[in-house]
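What follows are several structures.
Each of the two complexes below includes subunit A, the first together with subunit B, the second together with subunit C.
Moving on to the complex of A and B:
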């Protein structure tokens, strides 16, 4: 290492990763080992797992995760196949709608479900007239809501995988006499198996980590993320909550490592020569009709859910009075004004920090050789797999006492945002960097630039698409986050998602809906502004569109846990 | 014989531009072709000339906008690829990465619901034909480029298609392997007597393995004929320019005829060329000067005086760029060891080997013959 600056940066990053990623997790583990009498041991765990009643949240979480993973992957695959392989009209529209759940707060699906199917729901009361009792609180409702919320993960992974399959491979199968179905069964599906496995595991992780939906909709179907939260905030049982967090962490980490180190190595992509890039459309009429119906039904359901929230936000009292009013928005901006202001401030501060830090870490990991490089990469990716509840508990345990006393400050929220939202930026940065020939950077150094100059003048502009998609992602996550952040918010710093939860708990669904609409509006304007900054349409011709980084950079980077 | 293996009748393919419906791209613009049983016809042309689209229409991957694709006397315009008796070797090989070499080759037979024993026998035979015995259980990803290419060939041959389609099959191989494979492909094709259509932009490849070549440009066939016809008797300036290492066009005027010869004034000389029908006395013509039809001799000896602008030594030949009264022409001199070599800047004499030189009417606008 000849350059002291690079060394310094590496040391700083390693120290902050240790402090804000490893140390909180260590605190959770340590606290969970404090037994009732103050000694160290596994007493808390044996207490928690001894009774079958107490084991239920673990079993429930895993069962829910498994069901949602399977259903979400099936729907995601069908949707990905329809939009990448069948020459459908409105494909862009279908894709955009399928992305809605990714950019909205996690509990919006639950809210819409209650508004539609709850005891006072529109469909329950107005259409079915109370004839059928829809049990939405519990496993059934959670499966519906989480499947809709997380199938976009499967869609992104699998459409990336399907697009990466050289179309001439399927052409070849067809040419050799395979019908549409035979091509699908013998070629397309087997080639997508690694992607399917990835998608199953990622949705499983997302479902395990989900907090926003189960806290609203779980009823007496207890899940780990909510139980850990209730144990700490309701019972003030820190060791018990910490132990539940650790129990939640184990299956998540197992799924994460299986995905990262086993499934992703099994990819078939890049086997033979140059791909021809010609996409043949499977235009057999019945395939096309079936695909169109599937896409219409799915987007129809998503639009129904979002439409319900939008319409509901203008109603006096959802379920009772369907009169038009702006009172909910008045409430949002008057009472919730501070929430909006704080959310915007904290998100705007943490987003650029996240983006830049992610690119620096990606650069160091890909381009520099140093001791502990892999450990650094792994640590920086770790928060991706750790459920938000666990991180939140870790932060209150770790930073609630000297030497590092951060509770109640803006700093703890910003730090939490940065380190939770970074992994996706790092991943897309790594993917983008791996596509850039190192000799381009070597040429810069050869001509007299040092590492940091080269990074600023050469590398950063080349990976700017990854950087900006990291910014968008980070901002969206800040504005919609709930699971980790609910532990560190304070009277001084209020967040809008917490306000939504409050409204739901007060059964004021219309108000919650108005909050959700405002959140989505914030997200959409942020995406719009960042896009404007990137492409600068007011300049003649605009900035040259850089090629999007591939699957892992572009699409998968949008996948994160709640 | 009026029944052809493959027949294309005035085939047109228009692509709609993705960005807006108003822009159309005419990829293939009225192509007609006839292939007899066992013939290998190459579609040759620069990239974007429509050769691959033409091939894909025969395979069924593109539907013609108008015109007919006829296979063995039957119009197959509306048949999807899996209902056509064609087999394609793809530029990217398109091997199934999740199947072994054997399974790849057996795939088409399995789709034809063949008996298991027959599949094994036929697949093994096809693999031995391309010299890949013993690699049956390997994954395509573990093979070299040349081996992958052979698997792709075996996979197409094993289904015994009426027509074998080859889409730039050798473009991913290095030069030496490419030369070896094209001989092998031709031998197998002739041994099996299988009608084949071959797409390439490499004229050497086209000439060395084709029965006939169709030179394409802008979606049209410029000329169709044997390699000798296309090379030595190009019908227009495009074909003359596209074929050969380096072609220079010199302006001339026909002075008169003498039995099979036609006398053309070129610069300050009058030279005899083989007579071309349709050209009359007084016509303006273009002399197609290929690099190998130019000879460089000591100064004062040749028809024309010249000066060497650049000399490049290739071992088996020397390439000279020569200034001929303001026009730069290229001369390719074989066996440089046997002859005097000229250095840059030296004055030389230039002879044209008129018996090998073709003459075109001036301003030929590319009519199809």
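Moving on to the complex of A and C:
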């Protein structure tokens, strides 16, 4: 190796990945194999799977995941098609609203559903006058809530794919006399199939790992992520919980590998970075009207849900008394003040670390050749495929005893944040780097710069869009995470999503709503701050910006599990 | 090459420094760490009063009773907390068996009856609560029905899909319900009852007192929970619910607290436990409608005291020892 610095960095990264990604997973696996009498074996698994009330959550989780994946992809596709292929007004607005579910805490949808459609919900009581009993606790409610929460993933992937399809192919079809439907059926749809497959798999993984929504709405429809958590915290059964976590991990990993190594390789879109013509967009009136209606309905539903939460946060006692009050916000800032401070501190510390680490890893994976490169890349992406519950259990098992004792510290939370949020940034970085011609960096080397100078002066500025979007998504996920961090919070470090869960468990809906509003405010300000105060000046700082990578859809879709 | 080497060394040093800074969990020795299963709004009351009375600063975390036990078990080699506060006694009995608690007889604890503490003082009771029913007044009015006043009432066909409480395996409250029925009716009859009751249940929660608010909101008509939760989270909050007690007899919980074995601040922990025995602390229970065990403490208006209610001879030591077996049987029979 010519450069000891690069080698050192690679080794450090490999060591930290091993420690903070592989070792916790190994701890979970190891714990799950400890049978009742202390020996090692599969007794825990056979004992669990023998009972139908343990098999049922697994089947439920998979079934829910499949339904949500299909529905989410359909809605995401329709929405993506409407905003990219149809000449609609306000596409920016539609796009922004469609992204709301991505930047908000997971329980918001469930909260809004209860507030609107619960037995005492606003719509059920006031509008439908109690005539219809909507069963929201269970599969129906979960499907509704998760579809709304995860369709943005499909939307991002598919709008990226649709935008990247070379328009000249569709133009050619039109020139040959094909109707709109024929073009769609024979050209657009087949080219979008890898994107569709990606969305299905990504949403499936997200749904499987979903914790925040089922813990509120699942009713009798038990899902595995919650059961693993309950087995540890309700039945004090560490091996059993670990075993359920491993069982939860399997479909998730399978879907992840299928997506990464089979589907994404079959990309049919052209990757030149230069669109060869104008994107055709439909302007027939009936298409425009239909698309407009669809978009309005969808964004309307989303805005209704968020609006309900916003309004509900000002209510005294949702369902009983709709008097205006600020008491909930007082509670949030007085009792929850520590939670807000701690969350802000921990997120602000871990976000830059995540961003830089992600870029470094993307750089060495794409540009450097070394033994174990594939393994390194895979490991760094692994925490995306692993459900939060599994990660959380792994961290408390791995780090509560020598040689590394981290429970109760800020370090364990920061590390958890960094390694869980890295995959998004890494994927963005890899996608961005692959778009950039290596000859620019080679020129820099020819002129005598070493790797770090090249990285700093050439690469980083060129991939800055990916870097900044990585920062944004990392911060968002820090502030809205629940399924992993619920295991590692302590007396000294409190996180705001745990406070929301506490309020919801107490059925203090208005209070929970107030917390959610505060979280969204934090997220929006962070996006605003990062964008306006950091990114814009950087851009204006005289850097010649290369054309932004056109395949952006795939990268940002790695928002993943909460 | 030289510059490279220097930079490499600098990075190493930075990494090591960062690790040691992050790893060091510095906490001043006079801060007491408490793990509590009480509602956070409630725990705040007692803990702040303690801080004001003694000047000892407290850092506390709230989790449900089962989670607390799981956390203490996971941390057994390196406990982060000195005191475990609140939550019903079965979890404390299980913890004693696992050797997680330090025996300590608090000063001023003469009023504690033997059934309200561990025989070797591994844990000590400090409040008392009885199981009751929370009923939504509007639903009962609309359907022209009487409030349930007995366990048998809950099996009525009119209440199909109208009852909720928690899973006995995630909530101390719900386990107390199960253990009460089993002790009241005998094991065989008791489980037959639980299976029948399950048919009327709309859904189970993970948290024991969630059903009170759900009854208040009209999501269900009847919730089964501790009477102090019905009062504190239902009636006094303004929800339209009433509290009724089963006439055959009801079970109760002894709210316990204990010194954690190997905890970081044993002296401060003992001071806290001593303080909880005083009327200064137990008077505060009025705010949450809990029944103090100290006979000299004041009791809240409307709260259900020991003599007002028909209590069964609830043996919580037996309940704690048989918890795993009973829970498994319940899950097998109800398949939930």
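FYI, the second predicted complex is superposed on the first by the 537 of 562 C-alpha atoms of A that agree within 3 Å, B and C clash if a C-alpha of one lies under 4 Å from a C-alpha of the other, contacts with A are read in each partner's own complex, and residues count from 1 in each chain.
The rule is simple: a residue touches a chain if its C-beta (ideal position, glycine included) is under 8 Å from a C-beta of that chain, and two chains touch if they have at least 3 such contacts.
All values reported here derive from a predicted model rather than from experimental measurement.
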Room on subunit A for both subunit B and subunit C (clash or fit): fit
Partner chain(s) touched by A:8 [first = subunit B, second = subunit C, both, neither]: second
Vertex subunit A, arms to subunit B and subunit C (CA centres, degrees, nearest 10): 170
Which of subunit B and subunit C A:507 touches, first, second, both or neither: second
Partner touching more residues of subunit A, whether subunit B or subunit C: C
Which of subunit B and subunit C A:232 touches, first, second, both or neither: second
Which superposed partner A:172 touches (first subunit B, second subunit C, both, neither): first
Partner chain in contact with A:405 - subunit B first, subunit C second, else both or neither: second
After superposition on chain A, the shortest CA separation from subunit B to subunit C (Å): 46
Overlapping contact positions on subunit A, where the subunit C interface meets the subunit B interface: none
Interfacial residue positions of subunit C with respect to subunit A in the complex: 4-5, 7-8, 11-12, 15, 22-23, 25, 27, 33-35, 39-41, 44, 59-64, 66-67, 69-70, 73-75, 77-78, 80-81, 94, 167, 169-171, 203-207, 209-210, 212-214, 216-220, 233, 237-240, 327, 331-332, 335-336
Subunit C-touching residues of subunit A, taken from the complex the two chains share: 3-5, 8-9, 12, 51-53, 118-120, 137, 215, 219-220, 230, 232-236, 238, 316-321, 335, 396-397, 400-401, 405-411, 414, 450, 452, 489-492, 494, 502, 505-508
In the complex with subunit A, residue positions of subunit B that touch it: 56, 59-61, 80-82, 84, 86-88, 90-98, 107-108, 111-112, 140-141, 145, 148, 155-156, 159, 167, 171-172
Of all residues in subunit A, those that touch subunit B in their complex: 166, 168-169, 171-179, 182-183, 186-187, 190-191, 193, 268, 271-276, 278, 280, 284
